[in-house]
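Shared between the two complexes below is subunit A, which pairs with subunit B and subunit C, respectively.
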Partner chain A sequence: MVNQIQLPPLEEDMLKELFNIGVGKAAASLSQMINQEISLSVPKVTIEKIDKLVALLGADKEIVSISQDVEGPFGARSMLLFHEESSMKVVKLMLGKQMPDEMLAELQEEALTEIGNIVLNACIGAISNAMKESFNVDIPSFQQAKPEQVFAGNNLESESTILLLEIDLTLKESDVTGYLALIFGSDALTNLQDAIGRMLTKLGAA
Partner chain B sequence: MSAGEDVIRSYQGLMDAINNGLIVLDAQSNIYIGNKWFNRHCEYAMEEKYGYCVYDLFPELKNSRINDAIDNTFEFGYPTFLSNIFTPTPFPLYQPKNFDEDHFSDKRIQQQIIVSRLEQAGKYYCLIQINDVTAAIAREHTLEQEITERKFIEDALLESEIKHLTIMEKMIDGLVVFNKAGFIESFNPACETLFGYSESGIIGRSVSTLFEGLNGPETNAETSDIDSDFAVDENFIGAYREIIAIKNNREKFDVELSISNMKIGEKVFYTAIIRDITERKQIDKLKTEFISTVSHELRTPLTSIRGSLGLICGGAVDPATDKAYELIKIAHNNCDRLVFLINDILDMEKIAANGLQYDIGRHNLRSLINRCIDENQSYADEYKVCYRLAADDKNFEADIDSHRFMQVIANLLSNAAKFSNANDVVDIRLLEKDGEYLIQVQDYGEGIPDTFKETIWSKFTQADASTTRRKGGTGLGLTISRALVLAMGGKIWFESTLGEGTTFIISLPASENKVVNA
Partner chain C sequence: MPGKTILIVDDSKVSRMMISALITDIDNSFKLVEAENGDHALEVIKTEKIDYFSVDYNMPGMNGLELIDKLKPNYPDAKMSLLTANVQDGIRTECDERRIKFTDKPVNESCIKAMLEYFHG
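Coming up: the complex of A and B.
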């Protein structure tokens, strides 16, 4: 596998579009859940190595991750990542300001798990729908640690390739940046490209 | 029924044993299997409802997030985690019935749900797991309340502590807190400046280190019994009293000290408020010196003026005309008054300085009082008042300074005359009671207002400033009288009713051997 992975522009556009639809759905279900307007930005899509993502998050900063394993035409682990302080902000915004901080910390895991579940499922759902392919997805799991520990706990090597989407979660006046990462096994990215290729063929574009 | 279907249904027993809600739907959202847990939480016996559509059994699920989750599971295959935080009670499920109840209570159980897809023999099923988190939520709420309450209390405590600290820090007066054993517990910055000790250096030491002659434990806290009480000087409780304070460098200075006690829980503490009065003392001293100097300087020329006028009045020198004699007589009278006033002031200063000499001897009170009445009659005549003495038939002999005693009686007599109405009588009674002689001087004048009763013994006071003008006098008479009576071992007090008059009473011990506080 080449060091610097670059998707052909058409494929990249296709992926962006897929995630766009997914993120849109996620935003809709989130808004419905908390009864307030919420917007998720158009994602930035890049393909990176894990160590690059660690650097991006900041090696010594606490992060929280909600991850779900996906099995199907390609196998991947989908992860939603927030900085610890951002995650608290998200939970606070969603649960209301009158909640004492001690309680927020208690509820953080459950609330974020559901948020992660919605966002990740919306994206995967959108992809699977568009590809007309079927995926098996696991129940979400929550983790809070330094980035390296989070990835180590997921048995990921620093060389693993990831498809990284950067999304901004905006809730009323404050906005929070979260990262959505699809982490692929050694040949999964090729499988993804194949799948996109098939899709494009079906659409008659390529 | 195919073999595949059997596989799922063969778990019925296992599912029933699980204390979570489990329900499996087929692709048409009909109930394929459900466990017995539901029977305890809703009116349905789930095993009788196999094949029913879940939305018919629970109509409110239609278009809910559960509905979305089920659709998504079948469509995309991904599981949905429904947190209790956002959707607390998605299924209409209730607390289990008690044995004596017919209906479920209307209290829904709090749920946490996972919706996921099963695949069996090429067919998709939807598994819904319901976790009853009611107890956990209740626990969380209690915890939350506890935390909020504790936080509230902590905040309040912090606030009061800050307030307390600020008050102590910003106080101009010194504030020392000491415990019931007499050891210092806290020492405010004003104290540090006053005494030159640092707070850490003085804490744990005896409160008596700070003041000359104040009760306190002898040694430091380490060597002495913390639990033993020590007797706080009662004089200082609830009132400001002067005392000499000692600085770290052994220098002494004047302070006013007031001690109050407080109870925190079961512990008794004392707070001492210390006010530096060095400056005030100096000003006082200056004033005293000034007055006594001025008085002395005034008296010297006055003595010769009075002497000269006395000689003319006495006929030693011939006044040129009768008119001149009248004028000189007036001058002589006023000279006498001025001498009295100046003497009063000088006496006051001497008393304050403990410098008055007493010439104690045995005297008959009745004859002294008679002399006073004679001497004051002319003064009383001015107010058209007459004195009336009534004495028990006894030998009223007491050890007193006759001159000072007469000064006191004269003062009371002139006061009584001054504040009587015209043509009134002033009653003077001399009697013996419980081994003491009582001298009562009663007038029937306007009486002393309540507001004035407290300050009557202070210097330069009269009921209101206007009486000074009307009646004359410095307002020193009673102050001096009291000091004199006390010095002779007696007591003086009064009883007064507004509009009916005032009675001043002096008591003197009749005993023969008494100590004179001169």
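Coming up: the complex of A and C.
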């Protein structure tokens, strides 16, 4: 069972709105890169154990993950996740269908890393600009493995508790779904709440 | 403007490929030279005469603005563009302060055209 985040309604609303702004910009960037419209799911904000995210992705399915650490008013790990077979379709859309498959395979990691870099930075940039706060964004890291191995490689064990902001990005003309997640360790939650509180104060809401 | 050389600094091979292809499509008179990070760029300029710089921000080692700060004393009049996925206002402001162009990724025809117009201007 998924736990709903224990934030006051106004703070939760602000968090979802910030994430919406970020993901909207991220989807626009991805759409430009692959020339295809993208539909976005309603964002979910939940407190999860990592194994819930593993189950969502399918424990036995190979995934690719592009992650970037973000540091600023709060710290988070931003992740763009695709199932492996979807990721190849995205690369093909980005680099052109006429490129030979062996060259596509050779460039897959480079291309997906750059896609992740652009999409995740678009998301963080939009959040940063909306908050009027600066964040340092680390260089992107690529992984391909089963979900549990990917998260273990990110120092996220199955019992780790995380605040998960999750959204599905679905390409309208291809059978591809990606997942964008911002993962906060429990110690980052206070900083996140403080940052949201500052925004609400500026708006005269708190 | 024949014979001008652009140095493309980006740690992503795919990005360098896309930037190069788009520049060549728009104007094939440029000589293009590539570097995969700041240190590599500082090596390249020892042997190449560079007129314009397209520099990524988020790279291993020094970031794009740190590289530009190292380049500026030797290239006070060269046109430089930060071509980056990092679209935060703070990065734009840092570009304005250095009087260089901020160009946001994704790499596409319109952003490369805008960058080349800035170089030509």
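Observations on the model:
As a convention for this text, the second predicted complex is superposed on the first by the 162 of 206 C-alpha atoms of A that agree within 3 Å, B and C clash if a C-alpha of one lies under 4 Å from a C-alpha of the other, contacts with A are read in each partner's own complex, and residues count from 1 in each chain.
In this section, a contact is a pair of C-beta atoms (placed from the backbone, for glycine too) under 8 Å apart; a residue touches a chain by one contact, two chains touch by 3 or more.
Since the model is a prediction, treat every value here as computed from it, not as a measurement.
Judged by the touch definition given at the top, the superposed model places A:S128 against both subunit B and subunit C.
Of the two partner chains, subunit B is the only one touched by A:P100; subunit C is not. In the superposition on chain A, A:I139 makes contact with both subunit B and subunit C. Using the contact criterion defined above for the overlaid structures, shared-chain residue A:S29 touches subunit B and also reaches subunit C. Looking at the shared chain after the overlay, A:A111 reaches both subunit B and subunit C. Comparing the two complexes, residues 29, 32-33, 95, 107, 110-111, 113-114, 117-118, 120-121, 124-125, 128-129, 134-135, 137, 139-140 of subunit A contact subunit B in one case and subunit C in the other.
Those residues of subunit A lying in contact with subunit B across their complex are 29, 32-34, 68, 94-95, 100, 102-103, 106-107, 110-111, 113-114, 117-118, 120-121, 124-125, 128-129, 134-140. Residues 65, 68, 72, 75-87, 112, 114, 116-117, 140, 143-144, 147-148, 151 of subunit B touch subunit A in their complex.
Partner subunit C is touched in their complex by these residues of subunit A: 25, 29, 32-33, 95, 107, 110-111, 113-114, 117-118, 120-122, 124-126, 128-129, 132, 134-135, 137, 139-140. Those residues of subunit C that touch subunit A in the complex are listed here as 11-15, 58-60, 84-90, 105-106, 108.
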